[in-house]
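In what follows, subunit A forms one complex with subunit B and a second complex with subunit C.
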Partner chain A sequence: MGSAVIVRPSLGVRARRLGFAIAQPVGSVVIALIIGAIIMIAFGFDPIKGYGGLFRYAFLSEFNITVTILNSVPLVFTGLAVAFAFRCGLFNIGAEGQLLVGSLFAGWLGTLIHLPMILTVPILLVTGSVMGALWALLPGVLKATTGAHEVITTMMMSWIGLYLTSYLVKNVLMDPRSTIPASNRITEQADLLTLDKVFPFLFGRPTRLHIGVFIAIAVAVFIWYLLTRTSLGFSVRAVGSNPFAAEAGGVRVSRSIVVSLLISGALAGLAGTVEILGLHHRVFDRFSAGYGFTGITVALLAKNHPLGVIPAALLFGALTNGGAGMQLAADIPIDIVDVLSGVIIFLVAAEEIVKGFGRRRAKRQAAAQALALSSGDEGAVA
Partner chain B sequence: MMSRRTSMVVGLIVAALLLVGLAVGCGDDSSGGDGYKAAMATDVGKLGDKSFNDGVWAGLEQAQTDLKAEVSYLVSEQQTDYVPNLTRLTEDGNKVVFAVGFLMTDALAEVARANPDTFYGGVDVDLADETFTPYDLPNVREILFAEQQCGYLAGLVAANMTLTGDAHEFLNDDKVVGLVAGMKIPSVDRYIAGYIEAVKSVDPDIKVLLTYTDTFDDPSAGKEAAIPMYDAGADIVFQVAGKTGLGVFEAAKDKGAFAIGVDVDQSAELPEVILVSATKNLQKATMQTVKDAMDGNFTAGNWVFDLKNDGVGLSSFHDFDSIIPQTLKDAIEKAKADMAAGTLEPATLVDDTLVN
Partner chain C sequence: MQAISESPPRVGGDAGDIVVRLTEISKFFPGVVANDRVNLDLRRGEIHALLGENGAGKTTVMNVLYGLYGPDGGVIEVEGHSVRIKSPNAALALGIGMVHQHFMLIPRFTIVENVVLGHEPRTRFGALDLFEARRKLVELSERFGLAVDPDRRVEDASVGMQQRAEILKALYLGAKVLILDEPTAALAPQEVDDLFATIRSLTDGGLSIFFITHKLEEVIEISDRVSVIRAGRVVETFDTARTTKEELAHRMVGREVVLRVEKTAHTVGEPVLEVENLSATDHRGLTAIDGISFTVGAGEIVGIAGVDGNGQRELEEVIFGLQKHTGGRILLLGEDVSRLDVRKRIDRGIGLIPQDRQRRGLVLDFDLVENVLLGNQWRALYSRPLGIDYSYLREQAGEAVEEFDIKTPSVEVDASTLSGGNQQKLILAREIRRGPKLLLAAQPTRGLDVGAIEFVHRQLLELREHGVAILLISYELEEVLSLADRILVLYEGAIALEVSGDDAVREEIGLAMTGGSRRNG
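Our next item is the complex of A and B:
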């Protein structure tokens, strides 16, 4: 350890690694779909009709793609939040609370200020990230100083955040004259521009897609850059792979832990803020449909790769959206869709199952090679 | 270089993709029928809430039987589903689309503006702009109920029964009744205001315990709220909390006490503890709206369903009919007549000073 020479694996090896890294989650999804089909048949539904509906309503037609993309935007952010902490060896399961706290304060501020759009939007996005980060600060400090496990502390903070925001929405932000349990409308200067306004030549009619889509992609690229091309990212990854070795190598472990939880919390806060400024334009009580928790699955499926988070988020965005298709096209209850995503989560989480296939294959190949060697054929050098 | 297993897997995936493609290609919409189509999008409470969403669905099913309408529904899993689901039902060729619940207010306004040729029914939806000034849309009927009226009837039952401590083993001598509410929103507060007014009109000394659980879909929160009320001597607790209220029934069963159901006749849930239910005739309101649209009589704006048009009421007492004194039954009939005539107008806002 501590050697200055970094040996990059050959291109072939890296390509094969990438191939396997992609094949495994894809395999999980395919197996989940097959199991889903069996479940549908068992309950007397037509899986071909069901999946047809799912596919059609998730991807075919401009409207359906729009909804799929919009569904996946918050998941990109929460997926990144969880993945970033994971890379430092931390399991931030409290992204939901960070999301709610971040977006509540951003939205609240949005109902109070009157500034031009060019200032309003950045101010609110920063507010959301900062408040989300602050909500992750305490678990980070506790972990760094006392070793308190972040799974417990982030979760507890998440519950506190959930009830705190819920209380604030209903007792402080909600106008007594309002008929819906939500804040007043956030200033229109804070609305994220819809894409038909940004690219009028691309969209013939109004769309609900907003620039949050690009913010999500840009942030994913930024996080990828941060992790792989900066010294901060190197420290984070070093701590993630072996904190003792990192310490010995001169990395300040406690600092990396706090910083990565702060960044993770900021990403979660951004998730909710973009959702509120782009779609709801109000702070609703508990508006998040568990984005923070789905983010864990997204990160797992993406193998914690910042760019892998994008397709993983799209998959879950498509699943929730296609659920409507399954209901309409094949009268399949929404619960079956939930079962399906449950199966995917299970298979991703229990990736050893899928890995097991790979290992058996490797064993058999090794046996075949040994056989080839002993029988005097050309030697295979691994 | 491809091993046999790899090529097999690739083959399988290709086959699966082809199958999906085929299914999509052949996936014919079965919308060829000439039936008049009507549909509903649930709020996140979903079907099976035994009250709100189920009530509207019952109305659509009646429209299917009586009016030969083709009906369907879409369940919303998250708030971002509202606009897509209402849009899909519109594009699916439905002539009338119901948005169930005040949470869908913004979504309904957005979709209705974009689709002026489709009729919409917003259940518990009361359109208002940013300054809280009400407005209407020409293709939206805002279906509202006079909850204070049926809440008043429930209050009459609770107050009179808690005073007759010996009519049933569940009743005690304490002058206490309870109320477990969901969120503090106008329709819930109308129920509460009517209930409290009736209780105090029977005997101002009866205590009313009130808890807002702040949720409509968490039965355990309902149970948690109800247990201390029963422990404090309440023998009857009225629940105005949607799915959360199912927990109140559980608590009643555990404690050996009564509960009063809400929105629809909930007796079937737990017949041994549900004394009666304060009902909103969601079924009728839904059915009526479909019929009006079919006959070309659709009118927009606020439509209040109350005692005059059989829009709200009280369910039957089922097995408990025998323990209800005739004087109470007479009082209920008189209150109904007075409210229908407009001579009795229960409050619609909760007076906090009356809550203990």
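Our next item is the complex of A and C:
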């Protein structure tokens, strides 16, 4: 064939590549479920009943699937937040604090303004992401200027954010008539439309599902595009893979670091803001169920791919929801869900174990192929 | 685990006494035949060079012998007995040791600790007993003239000493057969001489050595026999005394190779790069470049000669803007660029072939397409309002691959899968296709085989024809002598000697490189 260079691999090749990329996370989940089953048997539970309950309570009714999806929405945002920073080589483990700070200020502003919905919603979403981003600004600047490790600084900022928001909710925003620490109701103009209002022909009755679901998907697609198709995303990924080569390629490395953490923080802030505007309509003290931390798990399972974050978030949304069902149906402690996610993370992190099987097979095939070729006529494959 | 019996060694007639015989060894990797029915033998006490281009399969077949890879076919015989070598430990038990190109030492450990690592001697109470090991190490070190300080930490030892430590480790573990993988790649010229002396004392002491290299001079100088490997096959095995460099180069590359590219005389244009009183410090803050001035004109190759560590790295980084200067100016076509960042300098027309190509030049886990994009990501060529035009970029990458003859199955494989020579071609393609006015070429052929070196040299000379100013920084004096129109010798951050390429006197340059002379102009 001479010098013909394959510029674009065939559809089949690319499909196989995608298959390989997905096989590992999926395999990890399957193995985790098997290990979970073994643990259940070891403790005298019936795994079939357990998983049956999990599945039923996660998916098998309009109500259940609604809860699962609602659980997943903030995880898509926090998963994206962590994944984006990861692609720049940064480990933002403080998404929880960025989420709380972002949503607190968005919610606070929401109790004060009175504008039409078409303005209110965008203003509050922007506020939430800007405040989330600001909460990540200091770690970003410290990393870029002094090299202070972001794992330490984002975590510290996260605790500051947690206590700050808690203090503000209890002492400044709290509705005097309320018995629990929560703010006044945010203006109704800020409520994210529920899907029965947007698609009345699809939903016969009112649903809690809100347009935040679509915002999450749209943002995931946007982040994917940003990372893989723009020069900003390219620079961020170059810094994440090899900052020295990125620098020699004219990338301003410290700026990329700051920008990545800002975007990461903005996504985390968006997570909390959508949650509040879509579901709670008030700012509660510590309303987040650890979404920022679960986001790390989601990003890992998604292998930091922005689109992979969607199914990964859905899985963890389903696990938290279905875990309760497992407890109801088979009396299995909900903690087994934590065991499952622990095993999943372990397997995803320990790539080689799962990959090894596939690779050994590929190697054997290649060997057979090469042998067939060389026994034909001329040997070496270029 | 002992596989060698006490049976008398087989004597193979006039072929001498064969220690290791590889018969029909094949090794496959996905899509590649790395070794195709390779036949090799090693006689007792000989130095057997394995010569081949990067990616020819020299290291692979030795990794098979060392037990790192299982062969997909063929037979290994050691001392006349057919053996299966499943791990490096099994290889060591058979008396086969290997020193890799990249040392496998723990920087924080001392040399003696590294030597015993994995085979730690214990006292009766189970504690680590370094005393006996140290004694044995010193004895070996003296016997073979391998000078090391056993108590020095590896991170504080010179590259040469680290290499001697690796060799000693193999000897300590009882190696009778030593595989040296490109042992000179990391060494300074003086250290190479020391290494060759060591190797001779090892063979005098009864060891047999496989010597992997792609450098013709080394083969001629050190080896008794040489096997040329091309595309996974042994092309031919020669007695070194009965062959020539030209013949070896031809067999190795598979075509006639010009070992020294012809340079045409022509006139130098306007100054492109003007360096005035430039100073810079190294990473410890010590003076690395000490107020140097020089110019490079359009169509001129200025060669910076010198021993590694005399300010070359800082010069490269400072001119490209990767490191701040501490004094002086850098003018590009009359404009002061010394305060501009890398991106602006690229825009002004500076290209870089970095001496550390895997660290500075490429993002190894990006594919070829995105490596072509590096340094171009903001440029109108690829950048569109809605993002990067990847389909156009892919086309361009495909063109680059063809134009620079980069051997790859596709442009969408990671740069890490390319051989060293092809990685360098990829960098060249990217930098040259950008159309630089000034090209900084630092160690542009380090680690490359003759075919690739010829290619790189031709490219540089072609750029010179097109009026590009080239600053060539190289530790290979030969390279500087054959390419440069003018030669500056850098010694301790200052220019110790400046000569024109025509009246370049090798001895004088060599002397200046070691601080022996200071002639002005």
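Things worth noting here:
The rule is short, and it goes like this: the second predicted complex is superposed on the first by the 336 of 382 C-alpha atoms of A that agree within 3 Å, B and C clash if a C-alpha of one lies under 4 Å from a C-alpha of the other, contacts with A are read in each partner's own complex, and residues count from 1 in each chain.
The rule we apply is simple: a residue touches a chain if its C-beta (ideal position, glycine included) is under 8 Å from a C-beta of that chain, and two chains touch if they have at least 3 such contacts.
All values reported here derive from a predicted model rather than from experimental measurement.
Of the two partner chains, neither subunit B nor subunit C is touched by A:L119. When the shared chain is aligned, subunit B comes close enough to touch A:T320, but subunit C does not. Within the superposed three-chain model, A:R185 lies in touch with subunit B and out of touch with subunit C [touch as defined at top]. Contact with subunit C, but none with subunit B, is seen for A:F234 once the two complexes are overlaid on the shared chain. Once chain A of one complex is fitted onto chain A of the other, the partner contacts of A:A218 are absent, as it touches neither subunit B nor subunit C.
Once chain A of one complex is fitted onto chain A of the other, the partner contacts of A:L70 are limited to subunit B, with no touch recorded for subunit C.
In the superposed model, A:A246 lies in contact with subunit C only, and not with subunit B.
Using the contact criterion defined above for the overlaid structures, shared-chain residue A:I334 touches subunit B, although it does not reach subunit C. In the superposition on chain A, the residues of subunit A contacted by subunit B and by subunit C overlap at 365. Subunit B contributes residues 3, 5, 9, 12-13, 16, 19-20, 22-24, 26-27, 44, 46, 72-75, 77-81, 83-85, 87-88, 91-92, 102-103, 105-106, 125-126, 128, 130, 132, 183-186, 214 to its touches with subunit A in the complex.
By the touch rule above, subunit A contacts subunit C in their complex via residues 3, 5-9, 225, 229-231, 234-235, 237-238, 241-242, 244-252, 362-363, 365-367, 369-371, 373-374, 379-382. By the touch criterion given at the top, residues 28-33, 36, 72, 231-233, 320, 322, 341-343, 346, 352, 354, 356, 359-366, 370, 373-375, 377-378, 383, 386-388, 390, 394-395, 397-398, 401-402, 405, 407-412 of subunit C touch subunit A in their complex. Of all the residues in subunit A, the ones that touch subunit B in their complex are 27, 30, 33, 48-49, 51-53, 55-57, 60, 63, 67, 70-71, 166, 170, 175, 177-181, 184-185, 208, 275, 279-282, 284-285, 287, 289, 320-321, 323-324, 327-329, 333-334, 361, 365.
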